[in-house]
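Next come two complexes built around chain A: one with chain B, the other with chain C.
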Partner chain A sequence: MKAAPTAEPAVAEREGDQPGHKSLGRLMRRPELGAVVGAVAVFVFFSFVADSFLQTSSFSTVLYYSSTIGIMAVPVALLMIGGEFDLSTGVMVTSSALVSTMFSYQMTANVWVGVGVSLLVTLALGLFNGIMLVRTKLPSFIITLGTFLMLTGLNLGLTELINGTVSTKSISDMEGFASARDLFASQLTLFDVEFQVTILWWLGLVAVATWILLRTRTGNWIFAVGGGAESARAVGVPVARTKIGLYMGVAFAAWISGQHLLFNYDVVQSGQGVGNELIYIAAAVIGGCLLTGGYGSAVGAAVGALIFGMTNKGITYAQWEANWFKFFLGAMLLLATLLNAWIRKRAEAKS
Partner chain B sequence: MTAAAMAAVIAATLAAGCSSTGGKRAEEEREQSKGQSAVDTPRWKIAMVTHSGEGDTYWDIVQSGAEQAAVKDNIEFLYGHDKEAGRQAQLVQSMIDKKVDGLIVTLAKPEAMEKVVKKAVKAGIPVVTINSGQDQSKAFGALSHIGQDENIAGEAVGTELNERGRKKALCVLHEQGNVGHEQRCAGIEKTFKGKVDKLYVEGTNMPDVDSSLTAKLQTDKKIDAVVTLGAPFAATAVKAVDQAGSDAEVDTFDLDAKVAAGLEDGSVGFAVDQQPYLQGYEAVDLMWLYRSNGNMLGGGQPVLTGPQILTKKDAPALKKYTERGTR
Partner chain C sequence: MSALIELTGVSKRYGNIKALEAVSLEAHQGEITCVLGDNGAGKSTLIKIIAGLHQHDAGDFTIEGEEARLRSPREALNRGIATVYQDLAVVPLMPVWRNFFLGSEPTIGRGPFARLDVERMRRTTHQALLRMGIDLRDVDQPIGTLSGGERQCVAIARAVHFGAKVLVLDEPTAALGVKQSGVVLKYVTAARDQGLGVVLITHNPHHAYLVGDRFVLLMRGEMAGSYQKEEISLEELTRQMSGGSELEQLSHELSRTDTA
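Then we have the complex of A and B:
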């Protein structure tokens, strides 16, 4: 592997020059700071307006929903830091679930075989997005819009062709289902409350993504290609490889989400997932990622997902008029993001 | 070399990784529905044009009912669908151009379909409307309407909930702005003696349906009945009720294999079926009767295919039918 010497100082700059000498200023400059403040504000707000919001069982519900967004929002954030979009994420999750269940069912195979095949197919989809991007040099918006539409059609078309209906058949009576469900969709009891295992997957992904971004050379490459692909290439950053890798990271998370969808609900509806891609991007942006690339964090995206989850479920806990749900959701998100932007501006002005 | 090794590994996994339970093999051992033409009338051409979107389970069943009747009645069956009313009207026009012997059409957006349906009638093509458009069917010149009145279906649910002694029901809408769905909830409100709350969920995002329902049930402990408006959401509602520690009963509109299994094991209280298979089958069969014998069912009144309330006692028979996709 060839070293990229000029990319190295970026780490030092981001991390502060003296290890162990953490300053408040450095903390204030973190991309996720605004989001954390926004999350606290949303939390406090709903604690007051919704009586049942503070129950531990409500935490579990909110965290579960946030985790289903967060698992995808984290790699999507990395991709956005790398300067690209992916609009195919929502339906790719469904594709991954469909491949898994239909392969197992049609081949009458142990469901773990389907899970493995699904991993290969989903990674191939990410590879396709990445290679199309670096080969054609077209905007990722267009490439992944194409993938999004193609996958939406494939999900419906192939499911109908193979099953005769648009939802899959139950595989819960097949071998391996119980152990696969343990991994992707089990519930863990903590303080007498059941938590979904997706929360652990979510936290794990945040930890890995943060480590990659801040502690590895790949992390430097991601920031560099997002900041400016040409200058990154000039200093020896493997731009194509980095971008393809980012798309495959997104695909990997889509595989996890897809397997959760399958093993939690057993039957998969082929029309699922449309529209979720925007929620993942929204979570990353609420969490401090810039739409232009080169800036953001994995923790921020996770907090963004949490803000979205708390707001979405908080409105239900507060029992506001159901017809107005979407309006409240939009307004709350806008407020949280405005607060986030304001805090960040203040922090930058001070430092 | 590595590719060959990988292929070998995959082959080995496949051989070792077979499931001895469930799956395709189990399905093939079960019986299947089939049939052949039972009449010697000429081969008429009957077209059906619906407002179905891409890949809708419900319309799949309508279509398979229509196809079954077409086989039996020696009919060439043409099918087109588009959820956008303008394009649905264009599809009807193309069927008129093909000089079909009968036209079956849905009137989800009656205004957009009026002109082209009247045109078909004028061209001497017998028209039967199905599923939606009960109020306009006759005025447009259709011979009959086959379907379920969504209000009446909702009212039937309200009555059934009363009989089950329920006090507070939650109507779960999985599509915002769907008129039929609103009518179903309104119907429940009309006959149900208790209170009805509405909850909008994101139908394309199952974890959202799941967690929104859980949240609602955690907040409002008085809810003792959850009514989903589509079969795929019933199983998720059962899960949510369990997670929220609620003792609410889950009931649903429409039917699928999962709901049939739920009725059997008691996790679903009842299902309201509008029998989509019947809507497709009867429409084609009525067309054949009209062509061959001048009959028309209903005497100018709509022919209702629902609501049929299905409970635990219907479950064993239903299971077989839902699994093969005819109910």
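Then we have the complex of A and C:
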């Protein structure tokens, strides 16, 4: 290769390149920093106001509650980094549980058949969201609002039509129930404390999502389609495929959550799940995801879910009125977003 | 020597609107072909056809003598055509090294365990930029924090690194000051010296004349002229660019109303 002209190296000279400053700058640039600070603050707060908060059994309860949100918040965060919303996630979890139990019951099949059918149906719902988005080019807010309403109606309508009531029949005496329960809703004992298996699912999803985001081509594409879809397309990134994949990832997590719901309670209420989609989004935002896309992390969303879990259970342990939970969450969401914005501004000014 | 890319009588319509009518253009190895035109002259339509974002309706488009109809930017890249857009096709929030390899990331491992070769990506980005004369200590900074000239340089270095044969540049100096424009034009000639064919889209005849070997003038979607460097002077190029005879007539009319 011929020597290129050496043009003004001074252009690139930047201030503050000392090694010590650099690693601090890198830390400051992490999207989840604000959430971690917030989580520590919430933890310290409830340690003081709620006596039983620091017991190991409470720890397990907090982690369980956090995991039920976190399993969904992680793929929702990936979707948001990819620049899109999904408002249908809350009811999709219920749909997934309903399909699983009603298929097994009506066909008198092994429950694993229902679980498998549910996986296919739920992935198809994600595929529908994704394909509608890339084909119609409508905002994802509208598309998934449509899916949300349709699924809400379908959940109630079909359950009523098939079972005559709003809840499903018990399937606990059916073949395969015990083993499916082991996978989706069992307890594990560690250091004499019982932990729900959903915590493992949650941690597993965080690990896989972080690996995908930071260390694979797909991860690079997710950041790119969210941060600049036109630019990404121009350099050959399959934008449509990436977005459809993200919606299917959300659907996959909805399937896990749905199966947990089913095998934990045996009976599914067809009207539940409404409103949860906003909690997943809030957890992702508290975790540092930008609403406009292109920025965020899976670990951040997990920490966001943990903040939800600690707040929800902390209020119970402090023996406050549970109604205050939503107020606290709202305040936390605003604080976290402001904190994240402030940190990012400082990090960008320094780099 | 045959052309790397050659367009002959290429036309493009959007519904009833004629965007491009019978435009011809050649780009040769180690040469710079400048496409000049005012806003709305059809420059961006032309660039989109070459880059594979749109397909032409009529005329011939050949790449190294072979008939081509590019269905996607990916296909254009695979045929050796790299396009650097005005917005540079970079994602501002992403680190420089992730942007550098976006869409063509090297991986180690197989199947589901294929992972980004992060060390190689960081090192290569740093070296490729160094060759262009930019010493970036921290390739982890978001590319949005670089100056316009630096970003342009990253985009050009990226195209050169990925073995492009033809480099298409869309208004690379439009948003830059005089000094930064000079720096970018140096990168453009550096790319030419490395054996690339360059298509430079601009509305600045001074920048074009400094580096160009061939000039194609567009006006309202039609080709208003095509010249080799020795066939035209900077004055003539500037005159044709700024409306040519129309401008003369206008000044003539204006001066008559003055004296009347």
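As a convention for this text, the second predicted complex is superposed on the first by the 297 of 351 C-alpha atoms of A that agree within 3 Å, B and C clash if a C-alpha of one lies under 4 Å from a C-alpha of the other, contacts with A are read in each partner's own complex, and residues count from 1 in each chain.
Keep in mind that, in the parts below, a contact is a pair of C-beta atoms (placed from the backbone, for glycine too) under 8 Å apart; a residue touches a chain by one contact, two chains touch by 3 or more.
What you see is a predicted model, and the numbers here were worked out from it, not measured in a lab.
**Student:** Looking at the overlay, what does A:113 touch: chain B (first), chain C (second), both, or neither?
**Tutor:** After superposing on A, A:113 lies in contact with chain B but is clear of chain C.
**Student:** On the A-aligned overlay, A:170 touches which partner chain: chain B = first, chain C = second, or both, or neither?
**Tutor:** Only chain B is touched by A:170; chain C is not.
**Student:** More residues of chain A are touched by which partner: chain B or chain C?
**Tutor:** When the residues of chain A touched by each partner are counted, B comes out ahead.
**Student:** May I ask you to decide whether A:50 touches chain B, chain C, both, or neither, giving the answer as first, second, both or neither?
**Tutor:** first
**Student:** On the A-aligned overlay, A:136 touches which partner chain: chain B = first, chain C = second, or both, or neither?
**Tutor:** neither
**Student:** With the two structures laid over each other on chain A, which partner does A:223 touch: chain B (first), chain C (second), both, or neither?
**Tutor:** second
**Student:** Check chain A for residues that touch chain B in one structure and chain C in the other, and list them.
**Tutor:** none
**Student:** In the complex formed with chain A, which residues of chain C make contact?
**Tutor:** 51, 53, 72-74, 77, 83, 85, 87-94, 98, 101-105, 107, 114-116, 118, 131-138, 140-142, 145, 147, 149-150, 183, 186-187, 189-190, 193-194
**Student:** So in the complex, which bits of chain B are touching chain A?
**Tutor:** Checking each residue of chain B against chain A gives 13-14, 17-27, 54-57, 60, 176, 197-200, 202, 204-208, 210-212, 214-216, 218-220, 232, 235-236, 239, 243-245, 256-258, 261, 323, 325.
**Student:** Where on chain A is chain B touching in the complex?
**Tutor:** Touching chain B: residues 50-52, 55, 57-58, 61-62, 64-65, 68, 104-113, 116, 153, 155-157, 159-160, 164-167, 169-176, 194, 261, 264-267, 269-276, 312-313, 316-317, 319, 322-323, 325-326 of chain A.
**Student:** Quick one: in the complex, what on chain A touches chain C?
**Tutor:** Interface residues on the chain A side: 1-9, 11-14, 17, 22, 26, 29, 211, 215-217, 219-221, 223-224, 227-228, 230-237, 290, 294-295, 348, 351.
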